[in-house]
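Once you've had a glance at the structure underneath, I'll fire off some questions.
The first chain written gets the first letter, and so on, giving A, B, C, D, E and F; residue counts start at 1 in each chain.
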Amino acid sequence: MTEFFSMGGFGIFIWSAMGIALALMILEPVSLIMKRRSVIKQIKRTKRLDARRKQN
Amino acid sequence: MSLEVIKLQCQRGEKELFSELSFALRSKQLMRIEGQNGTGKTTLLRTLCGLYQPEAGEVHWNGKSIKKLGEEYLKDLFYLGHHNAIKADLSALENLQINTALAGETYSEDDLLQALDDIGLFGSEYKPTAHLSQGQKRRVALAGLLLSKAKLWVLDEPFVALDGFAVKLLQEVIAKHIENEGMAILTTHQEVPLTNGEILSISLDLNSSSTGNESTSSDD
Amino acid sequence: MKINWFKYSAPMSFYPLAGKLIPLFWIAAIMLILGGLYWGFFKTADILNDQKQYYRIIYVHVASAWMAMWLYAVMVFWAMLGLIFNTRLSYMLASATAVTGTVMTIIALATGAIWGKTSWGTYWDWDPKLTTFLILLFVYIGYIALQSAIDDVRRSDKASALLALVGLALVPIIYYAVNCPDPTQCASLHQESSLKRVESNILIGMLVTTLGFWMYSFATTLMRARIIVLERERSTTWVSNLPEISLAETSNSKIEARTETRS
Amino acid sequence: MTSAFGTILKRDLLLALRRRSEIFTVLFFFIVVISLFPLGVGTEEKILQQMAPGVVWIAALLASTLALDRLFSADYEDGTLEKIVLSPSSLSMSVFAKILAHWLLTGLPLVLISPLLGLFYHLPMDSIFVMMFVLFIGTPVLSMLGAIAAALTLGLRGGGVLVSLLVLPLYIPVLVYGAGAISTSMITGVSIEPYVLLLLAFSLLSIVFSPWVTAAALKISLE
Amino acid sequence: MTSAFGTILKRDLLLALRRRSEIFTVLFFFIVVISLFPLGVGTEEKILQQMAPGVVWIAALLASTLALDRLFSADYEDGTLEKIVLSPSSLSMSVFAKILAHWLLTGLPLVLISPLLGLFYHLPMDSIFVMMFVLFIGTPVLSMLGAIAAALTLGLRGGGVLVSLLVLPLYIPVLVYGAGAISTSMITGVSIEPYVLLLLAFSLLSIVFSPWVTAAALKISLE
Amino acid sequence: MSLEVIKLQCQRGEKELFSELSFALRSKQLMRIEGQNGTGKTTLLRTLCGLYQPEAGEVHWNGKSIKKLGEEYLKDLFYLGHHNAIKADLSALENLQINTALAGETYSEDDLLQALDDIGLFGSEYKPTAHLSQGQKRRVALAGLLLSKAKLWVLDEPFVALDGFAVKLLQEVIAKHIENEGMAILTTHQEVPLTNGEILSISLDLNSSSTGNESTSSDD
């Protein structure tokens, strides 16, 4: 197992390359989901405000 | 000679300024656009000049779309915006010379000086316009109007910063232009008596419902 | 009103369609990437001896490098479509593509740099290929920077589309210049495709991961495009009628949230 | 059509002569850039000669971007840009006049002052002429491409930096072949023709297309 | 007094960096500038190392000059400069806030990105630290001196240019000593202390005098 | 509380604008400066603020020269020039917040929003002012007036670009300020009814001889 991870002494490079790729490729969709949440929240808020304004 | 606006709709950001706006303007007519601050007067004027692309609708000049006419239309047009369109580092004379040349017209220096004189800039013709007062700067911009051969004048708040004398002069200039088969569209918040020809007026005020326009024609 | 139909309804029909497609792309992406990497790491042990283990970086490196280039073409395609037909959806897709393209470029650069340390002994060298990629990154960043500097949506769409077009005309010239600083010796500019030298076993892993990256790009681009649609169409009725927006039916939004996390 | 062209060209030159600061900034910057390297690197003739072509082109690139930011934005702010757009003549021609003025004010002075660099860097006479010539045919490309970026970023925040970010990567081909031509000229027996032809091609292409693209960009930015 | 200082500093930073992405624009601008040199001059490790000190200071000068032109003129044109002059607090402090903002936007990002330059140009670790340090103490001088020139050229046509031509050459010692310090750091056994001390002296002097001179120049220009 | 102008003489280039100009303004008084374009109204106002150094004469605030008072005097002063002094890239709210902070005053965000609301900018508080119309921009500048605690208001053409509603509002604001022991000096070419307090007026018109000024006081 350790042999697998060490990759003939190149482990640190291979895994950091994989790690960077993986990190960016997880970060991107996660940030998108969060962005989507905040946008929806914002739209809902303005909608609620509008509704209240119309009532008044 | 006619300007036709057909079902024009303009939008800024998400806000619709006006829609289904239609009117026509012919020779010897003056149109005044009314409306509170921010109702879209400037946007409308810029759209008429082709500087702003409307969401929908068209502007026709002599029956043809101004988009297709291109430079043909621009020859007949004089636009004066909120900005004076003069260079602070150049003198009034140089500015006037450049602006008339850009409009495709050539005048002798005497003519240019005469125009500056007429508009009350005698003695300031050779100063850099940065050294003129606010009203004098506006006059430099308006001097172009005295010389313009364009049929259609589009003037956005022409009276701003002018003193009583200059306001009166400008009124006369506009009246004369209208008399000579010209047409003009202008906005102004000041209460100034305009030409004694035919005056149309439309209002873009917000409270006049969502379509935002009513076209009333009134003779003087 | 006839012309406007296309212009206005496109985002409306795009939004739910993309919503349905995104999970599919995610499943495909994850399966392909994991499959490709599995193959690459466990089925190629005999080919890569200890001195060449670092070669495994190739799976992410080449996949991201290809996507980085390909996505630029896709972005320009959408931008051009937008300029020609003035369809708002194409502009949105163009700007959605740009960010994923940038991410891919960064991955390619980073993995390439790491590979360089193992194979050349230095993180960075001014090799033509690397330089080209750095410039590609600049072009992407320029596009995004211009777009984010303009507040007005209409202007930002058109201006950045024009920039992308200019880039399209110039990027090949830049590529040529960087790869061939001496024009007298550029009779055969094109180095033979490096693919031919790659072992077929590794090639399989590489191609499968690349396909996975491709699916990933689809998924993220669509997700981003959906957000842009929401932001821009927020004041329309169809957006406020969406289940995830409606205020009353909380149950609906819960379902939406669940599908969201599942994807 | 020609009248608007001439008017704008004359106007821009007049303005620059009145205000002079632009030309001086560009020249000053250029001189500082070329004189800074010998100071740091030392005065080994060979190294200096090797660096000279690259340095002169980079100095030209950076100097040319300095004035780009104000190319259209000054006119935009005082409303004269609208006047130009609304003038009944081809906008591309007017834009071309503005770009030409920009080149006359930033590119041409560099061409004229470049022999000074030859002096600093111990270049042979022939190379100095080659340098002036390639600068002469290459710098217009810088103004042409720069105008597109300047038009796109009209009135935006962070103008200067944003324009440079957009435009500097696009300058690379000119940089590579422009510097290549000068380097090659120092090797006897090798022709610089391919470089010159490439630069000429860039120049012609950019002169044909750029005013047109810039005009389109201006119209977008003015809305 | 402090309130005007803080307000103006915050305002200028806000204006430049409306969004987070704009910080990246500034950083990438430097990366682009730094990347140009190897393309033009060549990629030999030795030449790159020798060029690095010059390159980094030129990048600093470029960024500083790009933003300088608009340092006061933007405020002058929209009338906010009058508001600042008429604010009931020391004008030199307000000016200092503006200069500080200018440095934070042009000098500091360069200091932060300079390790990348070390990577690109194969610099040894020690030199990278030296580079960051001298940039940190040297770039403020560029902002300080530049502000004087900017204030002088604000209103005075022609005349201001001449005066700023007097101010700008003061840049040169900073550039020379700044680049010199980095070059020296690559030679083992030679101390960089004299360079650092000189730079520090320049920095302190300019920080003390420049806001004051700039304020005076502004008042004259505003009349 | 008093502003005294003593034998002021201003010159621009070689042209003398006015000389031997003396007047005094006390609390509850409003002064209107009249004169054609280019007679020196703006120059006079800027001199009163200390932005322009007169050839001769002095300006006193509460009996002391404003040069000596320095920041002391600036605290009591609100100046609105031809330019709006707002940043196009910042929102109305941010602009107002910055301008009040520069004037040495701090307000909560609610107060600022209220002021913007009062001046008729509801709904545009968070937009960059570059996206506002001409009149709306002027309103942002005037919102500072609603909040200002300064005693002396110096307003150069405050009514420019404003629509009827806003002009009226501004008149009321000025009238209230005068009532509350304040004082104001303004120029305007528009004929607008001003406060119902005491109005002084001086004219800088060229034709009124070389000394160029006559000071008439008229109550309403």
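Criterion: a contact is a pair of C-beta atoms (placed from the backbone, for glycine too) under 8 Å apart; a residue touches a chain by one contact, two chains touch by 3 or more.
The structure displayed is predicted, hence computed values, not measured ones.
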Steps needed, at fewest, to go from chain A to chain E via touching chains: 2
Angle of rotation relating chain D to chain E [CA atoms, steps of 5 degrees]: 175
Homomeric contact chain B-chain F: same or different residue positions, threshold half: same
Remotest chain, chain B as reference, centres from CA atoms: A
Most distant chain from chain D by Cα centroid: F
Two chains sharing the most C-beta contacts: D-E
Whole-Å separation of chain centres (CA-atom averages), chain B against chain C: 48
Distance from the mean Cα position of chain E to that of chain C, given in whole angstrom: 37
For chain A paired with chain D, centre-to-centre distance based on mean C-alpha positions, whole Å: 43
Distance from chain B to chain A - Cα centre to Cα centre, in angstrom: 53
Chain B residues counted as touching two or more neighbouring chains: 13, 82, 89, 128
Junction residues of chain D, two or more chains touched: 18-19, 77, 157-158, 162, 165, 168-169, 172, 176, 223
Shared-contact residues (touching 2 or more other chains) in chain A: none
Chain D partner contacts - residues on chain B that touch it in the complex: 49-53, 71-72, 74-75, 77, 79, 81-90, 94, 98-99, 101-104, 106, 128
Chain E - residues contacting chain D, complex: 15-16, 18, 22, 25-26, 28-29, 32-33, 36-37, 39-42, 47, 50-51, 53-54, 57-58, 61-63, 65-67, 69-70, 77, 153, 157-158, 160-161, 164-165, 168, 171-172, 175-176, 179-180, 182-183
Chain E - residues contacting chain F, complex: 3-4, 7-8, 11, 14-15, 18, 77-80, 82-90, 222-223
Chain B residues touching chain C - in the complex, by the definition given at the top: 13-14, 56
Chain C-facing residues of chain A, complex: 7-10, 13-14, 16-18, 20-21, 24-25, 28-29, 32-33, 35-36, 39-40, 43-44, 46-48, 51
